[in-house]
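Paired with chain B in one complex and with chain C in the other, chain A is shared by the two complexes that follow.
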Partner chain A sequence: MSHKSFVWMCLLPLAAVTAAFFVLPMAHLLVTGAEGPRGLPEYLAIIADPRYRATLLNTVLLAAATTVATLIAATITGLFLQRHRFPGRAVMIAILTFPLAFPGVVIGFMIILLAGRQGTIGDVSSRLLGDKIVFAYSIYGLFLGYLYFSIPRVILTIMAAAQKLDPSLEEAARSLGASPWAVLRDVVLPALAPALVASGAIAFATAMGAFGTAFTLATNIDVLPMLIYTEFTLAGNLATSAALSVGLGVMTWLILALARTFTGNSVAAAG
Partner chain B sequence: MRNRILFTLQFLFTLLVAAFLAVPAGLSIAAGVTVNYFRGIQSGVTLQWVAQVWELYAGTILASILIAVGTLAVTLVVGVPAAYALYVRGGRLARVVEEIITLPLAIPGLAIALALLLTYGGFGSFRRSWLFILAGHVIFTMPFMVRSVMAVLATIDVKSLDEGAASVGASPWRRFVDVIVPNAAPGILAGSLMVVTLSLGEFNLTWMLHTPLTKTLPVGLADSYASMRLEVASAYTLIFFVMIIPLLVAMQWIGERGHSR
Partner chain C sequence: MNMMTRHGAALKIENCGKTFADGTCALARATLDIGQSETLVLLGPSGCGKTTLLRIVAGLETPDGGGRVLFDGKDLTRQPIEKRNVGMVFQSYALFPNMSVAENIGYGLKLRGLPKAERAAQVAELVALTNLGGLEDRRIDQLSGGQRQRVALARAVAIRPSVLLLDEPLTALDAALRERLRGELNDLLRKLGITAIYVTHDQAEAMELGDRIVVMRKGAIAQIGTPREIYFTPANRFVAEFVGAANIVEAPIEGGELILPGGRVPVAGPATMSRAVAMVRPETIAIADAATTGLAGIVDGVRFAGDRQRIIVRDAASLPLAVDAPNTIKVRTGERVGLSIPPDAIRLLPDEG
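On to the complex of A and B.
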């Protein structure tokens, strides 16, 4: 067998598996989205139908809030951990990165333990204020959950990017009399911009499409993945759920693709 | 003075973020071995909840391990040769193929699961078998294996290794098995750890694809969160942590060794 045909043989199983279990099903999903009573305009329902539009807006706002909060928290901690050496630093980095592999359901449970009916926040608040604060089963609980799983991802990216920064630029700025805030604003943050965009895009896309956390916290939280799930399982509305999930998939893919053309990095969302 | 304050503030903030991530995980571990979570740890330490989880959910744990091993086997057999082929061939086709197999990472699992259900839901015996979930896991984890192996191939001189072996008359197959695979071993190992970890924790696809007779660990977890007492749910989560933390430690260790080289 020639080397060339051997290379083709190596590709064949992957092509077969991908075609059968990804390309073909996705094509099927696209077709099904247009097969409902509304036909092709079903795809516009995500924007045209007031109820779906409200859900979409809700999802986008939640994802945006998650992204902003994550970027702020992760930039502060990532920069701090990259620049200072202190006892316990390695343990702290381990703690901050391990939740990377927790599935969405487990993160939902973490939020229940924190802010649920038997949660720590409720416990502390009822002792201090006499009022039991419980918010795990609402959109605020979901926000906290998304924060929980995006912080580790973003911290890792920020730390890697901060390692490559040129310290002499900051020293130059300082020696010219720039305040720490001015150094951060004019030197450090612009240099971190590609990493911030890339990891922010991952956080945003993941928060848009995540299902496990919302599913664990409450089935009536008004976000797009839950809407798709209930349309499919409760309403049996195949065309709508297919059209909505194609819409969601296109949005998350576009966000990641845009971030990638901007930064030249390959990025991924999961969870 | 000012630097001191800045340092302290940043340190406290970092501590707060670490606590946010660590406290609930610690609580769930503690709750899983506490007699009564509401009364606190002074009510006593017990393994009764772990035993109860094993009684109720042992099937899901074994199923998850089997599916993870199966997913690993398929991604190895299919993904490693493909990574080699994509790397050697290069060019436009390789980029397009890589783009397509990476798409499942950018599309929510819910959409992929729906697509699989619409396409294969009618094939009863496939739909009801473990293979249905396995197919979903393979699609979701394949890019990690392929890209991990390709990344290692890019750091070694595949071409001269391959040509060297060819000059002594080795067949393409022997060259792949005896020369390429051993040299790509670090990438294969890293990819394998990633595949197993992701498969063990996969929920979004699996929840849609499972049947009452095909439940995996995360599906069982969701079930226990919804219907069991907090101690049982925590003990179940504890078992999950015990399963994935060694994998995570191994991954971090390999990552650090890779960096220091």
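On to the complex of A and C.
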């Protein structure tokens, strides 16, 4: 057997797995989406149907808000944790990254414990203001859950990137007269840009597609994964849920691809 | 902007020491004056405190209580680096990878709010001065090591600093380039006439660039002097051995002569002690006919270096002596040779045990 055919042989299992678990289901999904009463235009429903379009917009907005909020919170925290040594730092990092271990259901449960009908925020607010604040079962609760979910990943990425930053870069900027804010704007953030884009893309994709948290919190939150679920299980509308799934996949993939292109460029620019 | 008229500030470092939080003393209290437009070199092995001293001047470290740093008589000890107007060149150059060559050079001017046109004119002048023409729009990762070094220098002098601080700026380069850039850097420093502090562990760099050299060891100043003073009249054994090549011999003295195993050598000046640690530079010893000199030994090895040869002679002193002889002299290993040392080439050092 030649070296080349040996390599090809080794690729066979990969090809089999890819075909069985990726290509075939995807193809089936694509075909199913076009087999509904509306046929191929079913794919346009995600944009044409007002309810679907609103849900899509909702989902994208929620994911974008989650991403922005996560990046801001995690960058500040990550930079602080990377640069300061204080007692309890290791414990704090452990607590901050703990949510990585939880499934979406548990995150949803925790949001209910925080902001649900029997939640801490409701208790405190009813005692202080006489008004029980409950927002766990709305899109705000979901936002909080996704935030909780995304922050650990981004913090870890930012800390790793900040560690690689040459401290003399900041010292050089300061020697030239840069204020702390200018150092952050001109030196630190540009250096962290690839990490910010990469981890932001992950946060966005997670928030677009996550289901467990939304399902735990409520059934009437209008996000795309919930819509797919209800179309599929309650309405039995196989074609629509398949078409929506493909739409969700394509949207998320596009965002990730865009981020990857951008990261690729900025990585090259950062030398 | 006329580059030739800038001279920077006169610096005074008063009683500056540095003890780190864990109790290690990186720098014993030191006092130093640096004249306007002087290039002062801090020379010493790694861990000698030279970088700590530089960082205290820069404002990146605060000196222990009581220490003061004055620029032109103004106490800047409490001012952070961004308020001190210092130009810094780092060993890693620390160029901003997200900016082009021109943007790097102009960054300090931009922070000072200089109008774009004026900034461009000054950057152009610096580009010409540092031979970077045609590279203005390059990214940093498209530059060679020598070019990066020049960008770092141009960026640091662009802000017309009170003092230029250079932290081992040539160490990251290979030997041949280092030597060439050393010459360029020297020309530039003279041309700019700017006050500069230059940190290095390379004694050849220190000799060529320094108006004065501060030799440091284990957090303390071992000697301050001009390159010639440091080389010809080292204050102690450490300086003698660290700067240039040196033969150090310990021998008894009798009647104004060193008593060596291979003969006697007269020393200059009043040698009142009975034992001495003496330093002789290899190039001050001449090979002569053994019959005509008071000191003789056996050639142990010859290392030809092109422009000269280093001859190792044993049995003359307690340790083999290194002699730098002209490349035309022919000696063979095992041959007996005479050594002539002028009395004033022998430097008696304090015996530190």
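The criterion applied here is as follows: the second predicted complex is superposed on the first by the 246 of 271 C-alpha atoms of A that agree within 3 Å, B and C clash if a C-alpha of one lies under 4 Å from a C-alpha of the other, contacts with A are read in each partner's own complex, and residues count from 1 in each chain.
Note that a residue touches a chain if its C-beta (ideal position, glycine included) is under 8 Å from a C-beta of that chain, and two chains touch if they have at least 3 such contacts.
As the structure is a prediction and not an experimental result, all values here were calculated from the model.
Asks: What is the contact status of A:A178 with respect to chain B (first) and chain C (second): first, second, both, or neither?
Replies: second
Asks: Would you sort A:G209 into first (chain B), second (chain C), both or neither based on which partner it touches?
Replies: A:G209: touches chain B, not chain C.
Asks: Just checking: does A:D186 make contact with chain B only, chain C only, both, or neither of them? Give me first, second, both or neither.
Replies: The answer is second: A:D186 touches chain C but not chain B.
Asks: Tell me the contact category for A:S245 with respect to chain B and chain C: first, second, both or neither.
Replies: In the superposition, A:S245 contacts chain B only.
Asks: Classify the contacts of A:Q163 with the two partner chains as first (chain B alone), second (chain C alone), both, or neither.
Replies: In the superposition, A:Q163 contacts neither chain B nor chain C.
Asks: With both complexes superposed on chain A, which partner does A:T261 reach: first (chain B), second (chain C), both or neither?
Replies: After superposition on chain A, A:T261 lies in contact with neither partner.
Asks: Classify the contacts of A:Q118 with the two partner chains as first (chain B alone), second (chain C alone), both, or neither.
Replies: first
Asks: Please tell me which partner, chain B or chain C, touches more residues of chain A.
Replies: If we count touched residues of chain A for both partners, the winner is B.
Asks: Per the definitions at the top, what is the overlap between the chain A residues touching chain B and those touching chain C?
Replies: Residues 269-271, which sit in both footprints.
Asks: Inside the complex, what are the residues of chain B that reach chain A?
Replies: 2-3, 6-7, 10-11, 13-15, 17-18, 20-25, 27-28, 31, 37-38, 74, 77-79, 81-82, 84-86, 88-89, 97, 100-112, 114-116, 118-120, 135-136, 138-140, 142-143, 146-147, 166, 171-173, 176, 197-198, 201-204, 207-208, 218, 221-222, 225-226, 230, 233-234, 237, 240, 244-245, 247-248, 252
Asks: Please output the residues of chain A touching chain B within their complex, sorted ascending.
Replies: 1-3, 6-11, 13-15, 17-18, 21-26, 28-29, 32, 73, 76-77, 79-81, 84, 86, 92, 94-106, 108-114, 118, 120, 147-148, 151-152, 180, 205, 208-212, 215-216, 225, 228-229, 232, 238, 241-242, 245-246, 248-249, 252-253, 256-257, 266, 268-271
Asks: Name, in rising order, each residue of chain C that touches chain A in their complex.
Replies: 58, 60, 80-82, 84-88, 90-92, 94-99, 107-108, 111-112, 139-141, 155-156, 159, 165
Asks: Mind pulling up the chain A residues that touch chain C in the complex?
Replies: Per the touch definition, chain A meets chain C at residues 166, 168-169, 171-179, 182, 186-187, 190-191, 193, 269-271.
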